[in-house]
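Below are two complexes that have chain A in common, paired first with chain B and then with chain C.
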Partner chain A sequence: MLSDKKKISTRQMIIIFIVMVYSPAIRVIPAYTSEQAKQAAWITPLIAFFGLLIIFYGLQKTFQKYKDASLMEIIYDIIGSFIGKIIVSAYIVWITLLAALYVRYYSQRIVTSIFPNVDIRLFIIVMLVFVAYTSRYGVVVLARMNEIIFTIIAALFGVFVLFLSPKLEIQNLTPISYLDIMPVLKGSLVIIAVWVYAIFLFMLSDQINDKENIKKFGIQSSFFLLVTNILIIAVTVGTLGHTVSARMPLPFLSAVKQISFLDTLEKIESILVVTWIASDFTLISILLYVILNMVKSVFNFQDTKPFINVLCLFLFILSLYLTESSFELAEFSTKIALPVNLILGLAIPVLLFITGKVRKKI
Partner chain B sequence: MLITFILLVLVVSCFEILSLVKRKLKKELVAFCCFSIIILAFGYFYLSNPFRSSLSYIILSFFNLV
Partner chain C sequence: MKRLMILCSIILLVGLFNGCKNPIDGRSEIDKIMFVTVFGIDSIASDNDSVKITLTSPMVTQAQEEGSQGNTDFHVITSQGKSVFEAIRNTLFFTDKRVFLGHVGYIIIGEDAAKKDIANLLDFFTRDHEIRLNSEVLVVKGQTAEELIKSMRGDKELLFEQLENIQANIAGVSKSGRVELIELMKSIDNVWSVHYIPYITCDMNTSYPELRSEGKNIYLEGYGIFKDARLYGYIMNDLARGLNWTINEVESGYIHTKTEEGSNITMEIINSHAEILPYLDNEDLSVTIKVRMTTNIVEIDSGEDVFNEKKLTFLENQQSQIVRSEINSIIDYAQTAKADIFDVGNAIHHKYPIKWKSIEGEWEQLFPSIPFNIIVESSISRTYNITKPSKYRRR
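Coming up: the complex of A and B.
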């Protein structure tokens, strides 16, 4: 068991969760929700909000019984070690693919938005070297670093929303009627598919202290994410309209490009890209930790630090091999990543929770 | 690129293998060697022809989603 000094608090883990979902929230949520729910897209986080509350409720209930166990150990206890290890192996494969996917998203976005003539491999190498270097110092260092990243991202996001609000047109966000119920439900799926990363994150639960506070910080973060996601969608769709938002690869970036204050403050989209990179760094680093922690659990290893560098080399090749173009990346994201995230992040955990309840383990 | 990648994997592997041998972590050592070989093979597979069909294309085609 790890000593308390080598563990992070639930609050820090929740902050990591908020920062890690910021990048996918900005990249995919405005485009997908406005395609599905059109002018009612800004309501979609409300449905996902209840989904997130259920996830945190389930986690709280689970960890009331298993205080110092990791989520993997809980899975082994509920359904047996053999089947449990098969399920955890499936998670390892998927989260590795997800990490490679995010490495690719990050680099593709920089090439698309700022440096169109630069070799994509350069950005991938820079990110992976940085991730490999910081990962050696453990999750505590990442959590502390992330608290600073969170403050900066939150402040800058507030500035973007503030400057975009005068450009927001209410007719782009209305009318709303009962006809929007189904599109809103469909649109909320993508948000839930991103927010289920909370489950992946709690694969590190053996490295978290004070898990009795999951409910408290979970509810706070759910409200925070509800408000920020409504704002992201509202300022994007409100500024560009749902038709343009749905067709653009990076609609929030396009909205931020329109910011102009007294003809002096302009072209601040590069600051947005910086916040994206910071969020991607947290996301990729934490997914790396999750993969290593699961590998440690499946193979009963004492230490997985030696695997960090080779795993980063593997992610480098996998991120290049994953897709050829941004079109393929988008197709893979919506047609494969979204449903698999829902299955592994929501369906399987719910089934395991019900099995645990039936077998009186939880 | 292929040679650079192979050299990089070999250098990193040697460094980590030495540390694993020193710490007598046998199980980790075996797994690490297997993983390094897989990475070398995968790297060779991709870098020998970077223009082959991508993984996402293969997965999307498998599920008839292209």
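Coming up: the complex of A and C.
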């Protein structure tokens, strides 16, 4: 068992969670929700909010019984070691794909928005070298670094929202009627599919202290994400309109490009790209830790540090060959990643929780 | 030792990248970039599939570099191709600079090009990563964008600055306005909506030949009306201000009328607010346009004292009548053209979303028969330095 100093607090893990979902939140959520729910897109986080509360409730209940165990050990205990290892292996495969997908998203976003003619490999190499280098210092260092990243991202996000608010047109966010119920439910799926990363993060639960605080910090973070996601969608759809947002690969960036404060403060989208990259760094790094921790659990390894470089190399290759173009990437994202995230992040954990309850393990 | 190795590797990498043949393709030195500020698009009469572009960027003279006021001329380059992108790339055949579109403030569409599908023409601008969606869109009346841009060379001001200034000043008469690319994109997405884009002319084509300053002038006269993304016609003067009343874009301006005794009097519009209010009574749809406005008296060309309740009420009624007639004229124009210029459909969609769903498809047919009711609530709030006019004692 790790000493307390080598573990991070639940609060730090929750902050990692908030930062890691920032990148997909501004990339995919405004576009997808405005395509599904149109002008009512800004309501979709409300539905997802309840989904996230349920996830944190389930985690709190689970860790009340298993204080120092990892989520993998809990799975083995509930459904047996053999089937448990098969399920965890499925998670390893999927989270590895997800990490590669995010490496690709990150680089794709830069070549779409700023450097259209640059070789995508350049950005992938830079990110993975940085991730590989910092990963050696452990999750504690990442968590501390992430607290600084969080503060910067939150402050800059506030600035973007503030400067975009004069451009926001309320009539782009209305009318709301009962006709919007189904579209809002559909639109909220993508947010839930992103927020289920909370489950993936708790695969590192053996490296987290004070898990009795999951409920407290979970509720706080759920409210925070609810407000920030409503703001992201509202300022994007409110500025661009749902028809335009739905057709854009990076609608929040396009909205930020319109910021013009007193005709002096303009062209500040590069700052947004910096916050994106910071969020991507946290996301890719933490997924790397999650993969390594699961590999350690399935194969009973003592140390996984030697695998960091190998995994980064593998992610480099996988990110390049996963899809050929941004169109395939978008298709993969909505047609494969979204449902698989919902299955592995929500359906299976709920089934395991129910099984644990039935077997009186939780 | 390990850290030293890493440091050396980084330094080596940085050095190697510098030596590479343009590792970051697209990177250009600043003096090799043409910062386009005004982008003109025209169609080519002899070739329906091609477009002609005219780009302008400020010309920095040595005098300006040294800090003094130099000339304000601008570079103009023209090119053509099967698409806007091809035309831009074709500039590389003859210019030593790479075109950069991140500073495009105005997209000017020539009249012939505007008569074709502007949605297709503007696709490049809405798609390209360099262009900002808050660039303004203008139409040139009676000539091509190239002709207008070239005719403005050698003037006292840069074309970009002239356009900026007249757009800022037009609020003083409220007979034209501004439309950003993003607004146009949203408008084109609304299948029932008709678009309006401000139009400009130069000295040669203006409807106001009597109004001019020294040098070359650009006139922002009104709006070009687009149906199915094609230029349908132009509106100016009362029609244009009628549209501005309805879409809540009247900031200031003047209202000229007569007093009860027949003297001329001019009022300055101080503020206005308009609402489009649809009403559904059983299945009958009607629309009320409600305008609240305030004016100040700025000029009386007689000795008549109008500052009593009776005469002020009369003047208020007069100005309300003028506003009502301007709005009526644009409603007539719109209903005749079957063109929902002021987006009444959107107002119905917001107030009656369920009803709207059932009529959305046939809105173009329904719109001409919708009864409009116009309510104008106007008031005169004050005058300025003096109250009674100078000649009042002679009366």
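Simple rule for what comes next: the second predicted complex is superposed on the first by the 362 of 362 C-alpha atoms of A that agree within 3 Å, B and C clash if a C-alpha of one lies under 4 Å from a C-alpha of the other, contacts with A are read in each partner's own complex, and residues count from 1 in each chain.
Going forward, contacts are C-beta pairs under 8 Å (C-beta built on N, C-alpha and C of every residue); 3 or more make two chains touch, one makes a residue touch a chain.
Just so you know, these numbers come straight off a predicted model, no measurement behind them.
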Worksheet item: Are chain B and chain C a fit on chain A, or do they clash, once the structures share the same frame?
Response: fit
Discussion item. According to the stated criteria, A:61 is in contact with first (chain B), second (chain C), both, or neither; which is it?
Written reply: neither
Practice prompt. In the overlay, answer first, second, both or neither for which of chain B and chain C A:85 touches.
Written response: neither
Worksheet entry | Which superposed partner A:324 touches (first chain B, second chain C, both, neither) | first
Practice prompt. Scan A:361 for contacts with chain B and chain C and give back first, second, both or neither.
Written response: neither
Discussion item. Quick one: is A:314 in contact with chain B, with chain C, with both, or with neither? Answer first, second, both or neither.
Written reply: first
Practice prompt. Tell me which partner A:306 touches in the superposition: chain B (first), chain C (second), both or neither.
Written response: first
Worksheet item: A:216 contacts which: chain B (first), chain C (second), both, neither?
Response: neither
Worksheet, complete the sentence: Once both structures are superposed, the least CA distance from chain B to chain C in Å comes to 13
Worksheet item: Which chain A residues come up in both lists, the one for chain B and the one for chain C?
Response: none
Fill in: For the chain C and chain A complex, residues of the former touching the latter
6, 23-26, 102, 129, 132-134, 182, 185-186, 189-190, 346, 349-351, 353-354, 357
Discussion item. Could you list, by residue number, the parts of chain A that touch chain C in their complex?
Written reply: 112-119, 122, 133, 171-172, 174-175, 177, 179, 239-241, 243-244, 254, 257-258, 260, 267
Worksheet entry | chain A partner contacts - residues on chain B that touch it in the complex | 5, 8-9, 12-13, 16, 19-20, 23, 25, 27-28, 31-32, 35-36, 38-39, 42-43, 46-47, 50, 54-57, 59-60, 63, 65-66
Response to the item:
Counting only contacts in the complex, chain A reaches chain B at residues 299-304, 306-307, 309-310, 313-314, 317-318, 320-324, 328-329, 331-332, 335-336
